[in-house]
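Look for subunit A in each of the two complexes below; its partner is subunit B in the first and subunit C in the second.
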Partner chain A sequence: MGKRLLQALIASAALGVVMTHAEAKTVIQVMHQGDPGWVTTYGDVAKRFEAANPDVDVELIYAPHDAYNEKFSAAVMSKQLPDVMELDAPFLANYVWSGYLQPIKPLIDQDILEDMTESNVAQGTYPIDKELYAVGLTDSSVVLYGNRKYLEAVGARIPKGVDDAWTREEFEGYLEKLSKLEGVKWPIDTFRGYGIKTEWITYAYGPILQSAGCDLIDRKTWKSVGTLDSDPCVNALTMMQKWVKNGWVVPQSSGTNQFFAEGHPAALAFGGHWIYAEAAASMKDDIVVMPLPKFGPKGVSPNGTWIWGITTASEHPDIAGKFVSFMLKDKQYRDYAKEDSAYPGLKSFAADSPLYNVGGPMAVAFEQASKTAIARPPHPAYPAITSAFMGAVDEIFNDGDVKAALTAAAEKIDEDIEENDGYPPFDDQQ
Partner chain B sequence: MTLQQPALAATAALARPARRRDKGRLFQEIGMLAPAVALLTIFLIVPFLLSFWTAMTNQPLVPRPTPVRFIGFTNFLRILKDDLFWISLWNVSRFTFWILPVQCGLAFATALLLHQKLPFRNFFRGLFFLPAITSMVVVCVIWGTLFQYPTGPLNQVIGFLSAGRIQPIDWLGDPNWAMFSIVLLSAWQAYGFQMIVYLAGLQGIPDELYDAARIDGANAFQRFWHVTMPGLRPTHVFVLVITTIQAFKLYTQVAVLTQGGPRSSTETVVHYMVRTGFEEQKLGLASAVSVILFLIVLVIALLQRQLLRRFDV
Partner chain C sequence: MSDLVLSATQMEVKRERSAIGSLRLVQTACILVIALVIVSPLFMLLVASLKDDRFQILADMGSFRAFWVSNPTLSNFAEVGNLSGELAYGRYLLNSLFILACTVGFGLIVNSMAGFVLAWGSLRGRALILSVVIALYVIPQESIIMPLVIMVSRAGMTDTFAVQIVPWVASPLYIFLFYQFFAQLPKELFEAAEMDGASVFRIYRSIFLPLSLPALATVSILMGIEAWNQYLWPILVTQTDYARPIAVAIATFFGQDSIYWDRAMAASVLMMIPILALYLAFQRWFVSSFVGSAVKG
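The block that comes next holds the complex of A and B.
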């Protein structure tokens, strides 16, 4: 028995030597996040790429979504940056400013560059040099989902497109009516269940501020005090605090499926495009997709998603670019994305996604991209901005003083910018 | 901490032969100490000095184009001026104040129970110790489901027992309840360790004392109060101190379940440190928090030494 074990050990060691010898190939490291389905899909894409390019080995490095930046920081510190990395669009400015990403245009197939939607180009562009640093197959949006039965019961007007979105008065009126309707436990789910330290907060609630006429930070002077704590913002978050106080919003501890769970306890859902597939499967014809309401002078929707960049540490940027191009064109990758109700960021993918085409159930979501989408502030202080805003929202949703919470957050943001000497050259961008 | 005792004994042993100028033994003992001292230096002392140095700079987590500067005590002042730090310190104290009686009481009670000559005693000892060897993250996920609002199992049981008179409680989502909920699950997860310590303490009390007490006509309660309790005095002190220090380092439960919310009601010092270091990427500031936490734990450890001396162990 012991002898056989020894033999096996020797055999595997010998095999190891052979394998390392055979690995005189180019290795491309790809760091990514994603649900198990996506992880499998990336694995398959890598295999197909290796089959097409026998001299290249693709090494996938998975990092969980919620700890992605920590893992990335660890890679930076240990000088083990991957060649290709998936990144959340609003963090792009920080990564480029810190010097981790290189311009991607010369490395990617021309037809992909031409295929990108405006919003997709915007999410991958660094505002200082206006260069493209990342591309993606997809983009994202948030819409207002409704339950047809409940909406008809309160006689709600169903908007036909982005232009006739509900106004704030209409929206709050319906919330109140829905709160009294039999069978409705909560008028709306704003997905507090994602947690209080999640990008969802800034991504989804930021547009409510912008729609109300303010922002997280002034995008010319890059100062938050005077903007995030201005009256329109205080007003907008006081409104949201009121919804929570009235018991209109699904509480954080009730999960993220109350809109389409058994019995449909939540009447509306202020939700990402990604819940459509699951919600539609459960609600069939009862699901209504509407544009986000106008909380002030204009309607605003979020955009941006996880996109692919090539790091400055890459020794083979050309091959890294080849891999990204290969993946974005890969048929099975696109098929999986479609199945996941992914929001198109490439025109060819949009044409191939009946869900988002004119007349499709999610057409409104795609219409928002060109009419109301505003990217999150493209500034290297974004990690501090989003962290401060998350803290303020948690404080406000739990009955805290709105003005005080926003002022504290704005001061925290300005402090971070000051500490980094204004993140030059962002400081003299007027 | 009792961990220090063997080290002290070793130093004492080192001092004696040195006086006798027994060089051979001295070298032997230095050689034996060397690995431990080297490892402690590399992994404890140097990192601590480094973190103290980092705390005096504006070092970011990852390299940035802006220069790293020496900024003296600015980080410390910033922390001491930050309300959130004081809230987190207050929360940890609150947590400690609650978990001490709950966890140690539970551990003591089960230890007393399992010290009786019951059938299947060893089986129950193993069973009661199970949560302690379960990963805290797993425990958190399970309790997170139990705590669900408004239809989680815990709320349903309470609703059933009170015939619907007690409204469902938002255990983790209500600032008034969140820390208490964390206390409940933490005590349940960790009491096994204290229970084992108490069991060991109970077994260390000689049977003769009980026999003598019985002959003197002491009843069960008197035997407990005048034999068991004094016999467990050092155990009590040890358990209280170790639980306090562990409580001050509360992090996992908060990171998994509440991320410090709602409304900072479960923010803890360690969670605050991890957030400033990793989320806001301010390594200098986070190091300053760690130095402050070290000082706090040091004070507790010193107080413990005083206590130990008073109880004469």
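The block that comes next holds the complex of A and C.
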């Protein structure tokens, strides 16, 4: 009995020593989203960071993509913000304005900061103090994919670069011709299958409005009425409604792979850079990557993706910054991003990505970043802007009145801004 | 004459039998159609889980190919069966089973006790408490979820199994279900036991509880389904894979840019099995409970 008691005491003491040792470690929490491949990659990066920094424990907090905002809200309300968090770039202004993020420049390695592309800097910068609040390895873009066989069959011109993009007339003319071509079920997939719960609609369709000569909101007065419901926007969305009515667009219920599914039922795809790898694997030499068409006076493409910020709640911002720098330089992390046809946000990553280099199959996408990319409105009201716009597009695609839907959305956005007293100091920018 | 009458009666009987036969045929056809509608998505799920090409699964969705697999494979099940690592789906499944068992186990005890006291206890203001319980039932879970998050985080309960069990153990619906069941049992049972000197707890445990199998089965199944399908709550109150359930793990297959239908389907099949087993185990009493409620009005 006495022996057992002694053994128990020794075990408790040993456990105590181990626990004290564990407690002595600095713990940083990293909140992220992503599919199984990314979850595994982040886990591996964390292990390598811990091995290189034995006094640090990295606790990964996974939140599903569709419920990320809810998880973030819960973390804010329960005062459990992580040290490092992944965030969707257009939401940055809202998070900084709300005081959740801290400037990241002093915390990140200088070589990473110098390595960032202009677009990457833009997506992580808060427009009021012009400070950098987030950084990422990647950025994003949308291009017009085409099926070479179908394009040749209708005699379509293949643009050589961004300056050579199709005009609206050319684009709609090809849609009409493709709709009559045998083997083509739908002339274009605009990826309606992503639904209205993701950022897709604002991210991908917003540039069509900007190309047509309007915007989601006036970026000087920060008023939406008079801009989102202006004639160019009404015309642009009437044009898209016509595509849907004509049966030219893959319906929402048909998923997100009709461009490269068996039989290639869709001739064109208004798709993100991330579908390239899968589409090319299925279509081989038949895939053509083209710049987004000019729907008005200029060509416009989207940018911005999920990037990394350090929260104001972090008790160890220096270690959090060290982790972000470590991750962005990690070879296996970069290799996985490359496999996923990730769009470069760091110059060194671009140089190492033959897909996006000059002459590479996605070079046009990278060319768009410097010539036509426009970020989504960097304003704290962005969550309200995107939600209102997505609702309006959904209504329009379901045969709603274009002008009425856009006016209602614009009013909703302005109401949100008014309710927040103009989100000072954004109201002083006018 | 009598032959004629007999023949007319026989004809009548034949006609009736034929009408009944046709009616049964229509009924059987209707039941078959309904069964097909219910079973086909489950069958499709099972078939898809045996395919290893996620794009093929999606392409097959709109056709009869969704119900056929030419080269079945269990590779998806092998991938989602991990018990360790970043994506330990097997571990998440065990977490879910533990949460289910505890929620249902404690739930049966707490709700049945509360229902019994409301039906037979000598508590003052029972009627008022009962009306409050019924009133609480109409409050949707979503409306109290954020205050609840703050409460549990202040109590230091986040990222534990307890946080996924304790808030859902007591439920107005199940208290009311037990109350209704106990209240319908004969008063003499309670009085006889009381005269024999049995305490209220003894009467509950030894007499009323053994008689309430249909109610226990119904609550087990309903509570089990609810606990098993919890998604938003565990996302909000758990941080790591230590206590996270399978429903959250399945969400990893639905990424920002791509959906891994193959593994999502396999994980969904695995997720379906325990709750199906729970239903099959309690099915007899579950059905009798509903029939009983309907007859008794």
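As a working rule, the second predicted complex is superposed on the first by the 408 of 430 C-alpha atoms of A that agree within 3 Å, B and C clash if a C-alpha of one lies under 4 Å from a C-alpha of the other, contacts with A are read in each partner's own complex, and residues count from 1 in each chain.
Everything below uses one rule, namely that a contact is a pair of C-beta atoms (placed from the backbone, for glycine too) under 8 Å apart; a residue touches a chain by one contact, two chains touch by 3 or more.
Here the structure is a predicted model, which means the values were calculated and not measured.
When the shared chain is aligned, subunit B comes close enough to touch A:I196, but subunit C does not. Touch criterion met: A:S254 reaches subunit B and subunit C at once. Legend: residue contacts after superposition of the two complexes on their common chain; A:W186 is shown touching neither subunit B nor subunit C.
By the touch criterion defined above, A:S387 lies against subunit B but remains apart from subunit C after alignment on the C-alpha atoms of chain A.
By the touch criterion defined above, A:W308 lies against neither subunit B nor subunit C after alignment on the C-alpha atoms of chain A. Which of subunit B and subunit C touches more residues of subunit A: that partner is C. When the two structures are aligned on the shared chain, A:F426 is found in touch with neither subunit B nor subunit C. Judged by the touch definition given at the top, the superposed model places A:H65 against subunit C, while subunit B stays out of reach.
Once chain A of one complex is fitted onto chain A of the other, the partner contacts of A:E262 are limited to subunit C, with no touch recorded for subunit B.
Look at A:M77: by the touch rule set out above, it reaches both subunit B and subunit C.
Across the two superposed structures, the residue set of subunit A contacted by subunit B and also by subunit C is 70, 73, 77, 254-255.
Remark: subunit A residues 29, 33-36, 38-40, 42-44, 59-67, 70-71, 73-74, 77-80, 198, 254-257, 260-262, 272, 274-275, 278, 282, 306 touch subunit C in the complex.
Those residues of subunit A whose C-beta lies close enough to touch subunit B in the complex are 69-70, 73, 76-77, 97-99, 195-197, 251-255, 383-384, 387, 391, 394-395, 397-400, 416, 419-421, 423-424.
Those residues of subunit B that touch subunit A in the complex are listed here as 58, 61-66, 147-150, 152, 170-173, 175, 258-265, 275, 278-281. Chain contact summary for the complex, subunit C toward subunit A: residues 55-56, 58-59, 61-62, 85-87, 146, 149-150, 152-154, 158, 231-232, 235-237, 239-241, 248, 251-260, 263.
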